[in-house]
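Here come two complexes built around chain A, the first alongside chain B, the second alongside chain C.
Let's look at the complex of A and B:
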């Protein structure tokens, strides 16, 4: 679901405190393209996000991780966004994806553990339309995803123009068949 | 490093080629796609985490050499998000199955054209040498272009691709990777297409689960490093705690109670110790800091040392005898050592986040001198001339208590505390104690330069609040350790609840209502219900003897699910997973053993399998809950007459209770906590403020007293049906509200919901009258 990918790039630019860039989209899949200050073009959301983070000396570098392992981990989640999240349209695919993420996020505050990284930002944007559509039962069913999502959307500077997704802290439903 | 892959997976080439190029040692393990929850291949990283992206694995194994090259980024993204979605189905159908499909081919063509164009007059996709772009795209196209003798026309027209592909095929790294991954069979070994990731339990998972259960063997137990689990996992563990007794607070309390500080400490050490015993916290030793060992430790190590300026061995106090210089030993000598230590901690997940944050803020501005003595009487006297009237500051001496208390327990204390290579040290505390454990104490240990074990895992919790305020001993608000026993609610329930609401990344709240709900739903209705049912069946229909278990495909589903939960449980030690229980209850429900037992011998045997399995699940659960609820665990095992050997946690579910094993007498594990009890407790621990509140409020309609009759026979099917109805209706109501439907309509549906909830309560044998209206909507005033 690449609708609004230009907005997303803008949002990331703002978050990182960077000057504006020219962003266009191409083809049916609305692949984003960004033009850099020296006239180069970069294609693809994962590539662009990484480039922006790298361009922001103070804020960005941390978001990319501090070790080769972390770089790789973050990059794999960027890839996940464009291969899995953006392609999960059917209900069963969305549910499968949420289940997978829910399991992954069981013991993590953020995708990489304890620190916000680019992975969180990019997956947050990717999942936003999905989370908006979930009812409270489903939000509780995927409670780790919900917890993580709520955490990220409250992180200063992240939410910006996107509507806030509402979560309820208390368990509304007492038993779940796993 | 290890690469997990299934046989003939061309994506494994991405990793193997990269490893070959950099000469990285890569161990390849062949596994079934079905037994892995992620898409293969998977790379196990040195830290224990794993990478599930073949492309990023490739890049990582190439040493991130092209990490800064955005063109490579673009090609990797292109391969995963543009090429694969169309290449994969084409490979499966047209190559794997040999069927012609012009639509699939047509979808692939523009992608091949794009690549071909980019490769015009180029040897490598990016730059002038092999990058991960080449490795990744080459591997993806291997099933298509890998057999140069069998290239289809529609592929050979892309001469750019053909030349580039064949050139790379001559590289040693590529050649050798082909041999490894395809085991010498070349393209034919490839499964010609990626399997779709099946997230519900798959056939292979089921088969694996069944054989594991039957074999009774389990592969190498998961190596985890959490102390609560260490014993179950057969690690040698030492669990030490004690009362930290020196300091101003003690002196003050002593004055208050008219006792000497020593008497106060004796009194409270005993009380604390008893409370911990009641809670069944299994310390190996619960000690105290007011022992001779403590004084010895303090005196010995922190007064003698090496002068940092002239290396004189016997410096004391704050002036070196030899060179006469004043010593500010702490910050000069220790800052680099401390930084080095902390720099190994920050990048990992070994410390909780708040611990790292707090530590950083202490250290960020450089270590400052801190006063380590106080002018008090109650404390360890400073053994230095001129300082003997002072005592050590409590937070300086307290952590040494860990060592001295260990020394009180065993004279082999050095095997724990001077053994960082073999010992993993965990500290658990609330966040306000972090700096002393993360900065002050490590500095002392580092400064002593005596190979002391430093804290590897520092777990700091946030604050636990009470109801809508804070715990306060002085105002009598909140239930404290010594009160818990008097409530008559067993320790296990408190343990369970406190772990459930443990404030890990943010403050949490102890709430009686929540406490009651968790007990009644999670423990009583879920865990207790399942275990009791399973055991009652064995008792009533099989004369208390575990029947023969003949596992079928159906059962395999349950087994595979249990394995999943077990493995997730082992990985996530702080959260208790009830998945196995939910699945277990569903399983019994679905298989209907109460019907089967009355049938023909075949059906009876089937019932036997179902119940035998259920009993084994109950046994597994008893082991899993042991660190959380030891008494309950014990009770279940008693009722099962389970042998002590069951208490090892393996990573697959194995049959522990064989056919013919005689169980004991089943009996309910948990008691319901009534709303009235909850209300009483809430009132009792509300302090004096609550009384004032109540006087000003109209009393709510009291529910009629609940009959304490003999347990009502519950029709589980009816309960399940009504539960589903309630959920459905609840969703409907929410949807109406979201859609801002007409108030009359919403109210009507809400009434339906309430009625359903009351029916459900009745079906469960509860008091329907307790189901009062929805969530108390406030009435809005407003113009219509």
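Let's look at the complex of A and C:
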């Protein structure tokens, strides 16, 4: 986990239009650490992401949601990223996770409904290595995840340093293909 | 006799003949059927060959379990012509059961090795009876189409003195005091026939490849349908003939083998085979562009790997709605030394592959017919000229420009029907692990 977590935090900083922060990783688990302007150190991806969003007056506010329910949902998905996405290494765990996300995203454009939120950005970064490894058959199987991922990676300012994942718009595989 | 089931004074038989079956009744009556006869009928072993005399009767309710649903046979006399041993190595009902039937999921199926070890019984299933009729149909259509276009059928030797297409994958046989080899393809002899002024030839015969490949699509011995023709102005004359031949084969199968294809679909359902008329033709750079668009990293002159070919098949299907297409102008670097380069672009060749459902079924090209140029190309490929002297000499006494290609009969049927293993279309298949029956 967390091979590119420093890059991820920097990417979020850029997206929000904030000035650069000092980002390091700590320990074997490579937990990200960020030094704030008044000398405090913040630890953990969820914490840092929320802090950055709150620090950016105009862009960040939209990303954090507008109601207590939305705040809570975003916190839920930040937690999901760290506890489920980052820990899914085995093939069967990854497949179970993709299946779960695929049914969740069936009726939503973004994780919270119709607007981009912090949840989308954080899950996008977490899923990027997984999506790079999927073949076209799997991308078709997890159609809703593919649709959401393509949407988010094309959102202005999101992709940045990450390579683009290719999706094919047609159905290539039928029920007769394994 | 497929099955028999007795209940007191009545015996129900299912009689089977190749692709079809019919219900027959042996019921006790005053005039023709005694109780002992019913008992006799009930005790006939499965798969015995029997003669039956009776009256064909219409039924009130259709017989769901038989192909002949609106009639049944009321038996008056029954004789056993050839009795079967009572213990069968496999049950035909199990062998004919669809793989993924939800209702019958717990009932047994017969695995491939058991089928191949007891091929005589396995071939009796209605599905297999249909499959091998389709195989015969492909051969028939191949011959008829080409003969109609003025081709002459020739027969080429299979015992040869030198390995034709590169020495690695060839079987050696002892030939009196020396060694000889089993031909990997009729390539050399097809070309010699063209040099012998036969203009358009085809041959149907065994091809031997000593490749230790244990896959769903390789056999060590298979039937090659090969053709070669001289052309007048451009090698696309050859490509047009081959493309048209395939269209004729696909149409012929679709129109004349409907019954067989329906029978096969019951056990092995698949997407129907789609093709365009005239056949779709793409050039190699277009294929590379399609693959790159889908995120595959591939160089301009790289050969296509098997996963590339499969993905390309899917992309072409999605874009053009065809399971069959021709890919023309392969890079020269990945083709054999006797391939004619493209005169307008030295990096490419007048060479083509054809694909069905994303798998290669034909590799062909215009051949070099000038002995000096051929020698030059052989040297460029670092081939020992001494070893191919007689091949080069074939072209010394005048030979028209020509090209052709060869297809594997079993593979074409396998892909047309959407079957998943080539051993399903080879009656007695040969692979690195199987030499019997």
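Here, the second predicted complex is superposed on the first by the 175 of 178 C-alpha atoms of A that agree within 3 Å, B and C clash if a C-alpha of one lies under 4 Å from a C-alpha of the other, contacts with A are read in each partner's own complex, and residues count from 1 in each chain.
Everything below uses one rule, namely that a residue touches a chain if its C-beta (ideal position, glycine included) is under 8 Å from a C-beta of that chain, and two chains touch if they have at least 3 such contacts.
Please read all numbers here as calculations on a predicted model, not as lab measurements.
Q: Do chain B and chain C fit side by side on chain A after the overlay, or clash?
A: Once both complexes are aligned on chain A, chain B and chain C clash.
Q: Once chain A of both complexes is superposed, is A:87 in touch with chain B (first), chain C (second), both, or neither?
A: So A:87 only meets chain B here.
Q: Name the contact category of A:42: first (chain B only), second (chain C only), both, or neither.
A: first
Q: Classify the contacts of A:75 with the two partner chains as first (chain B alone), second (chain C alone), both, or neither.
A: first
Q: Please name the chain, chain B or chain C, that touches the greater number of residues in chain A.
A: Residues of chain A touched, chain B against chain C: more for B.
Q: In the superposed arrangement, which partner chain does A:168 touch: chain B (first), chain C (second), both, or neither?
A: A:168: touches chain C, not chain B.
Q: For A:136, select first, second, both or neither according to whether it touches chain B, chain C, the two together, or no partner.
A: In the superposed model, A:136 contacts both chain B and chain C.
Q: For the superposed three-chain model, which listed region of chain C (273-281, 363-371 or 381-389) is the one that clashes with chain B?
A: Clashing stretch of chain C against chain B: 273-281.
Q: Once the complexes are superposed, what residues of chain A are shared between the chain B interface and the chain C interface?
A: Correct list for chain A: 136, 170-174, 176.
Q: What residues of chain C sit close enough to touch chain A in their complex?
A: So the residues of chain C touching chain A come out as 269-271, 293-295, 311, 314-315, 317-319, 418.
Q: Contact residues on chain A for chain B in the complex?
A: Touch list, chain A to chain B: 29, 31, 40, 42-47, 50-51, 54, 66-73, 75-76, 79-80, 82-83, 86-87, 96, 99-100, 103, 106-107, 109, 113-115, 135-137, 170-178.
Q: So in the complex, which bits of chain A are touching chain C?
A: For this pair, the touching residues of chain A are 136, 165-166, 168, 170-174, 176.
Q: Could you list, by residue number, the parts of chain B that touch chain A in their complex?
A: These residues of chain B touch chain A: 37, 45-47, 49, 51-53, 55-57, 59-60, 63-64, 67-68, 70, 73-74, 76-78, 80-82, 84-85, 197, 199, 347, 349, 352-353, 356, 505, 514, 517, 521-522, 525-526, 561, 565, 568, 571-572, 574-575, 578-579, 582-583, 586, 723, 727, 730-731, 734-735.
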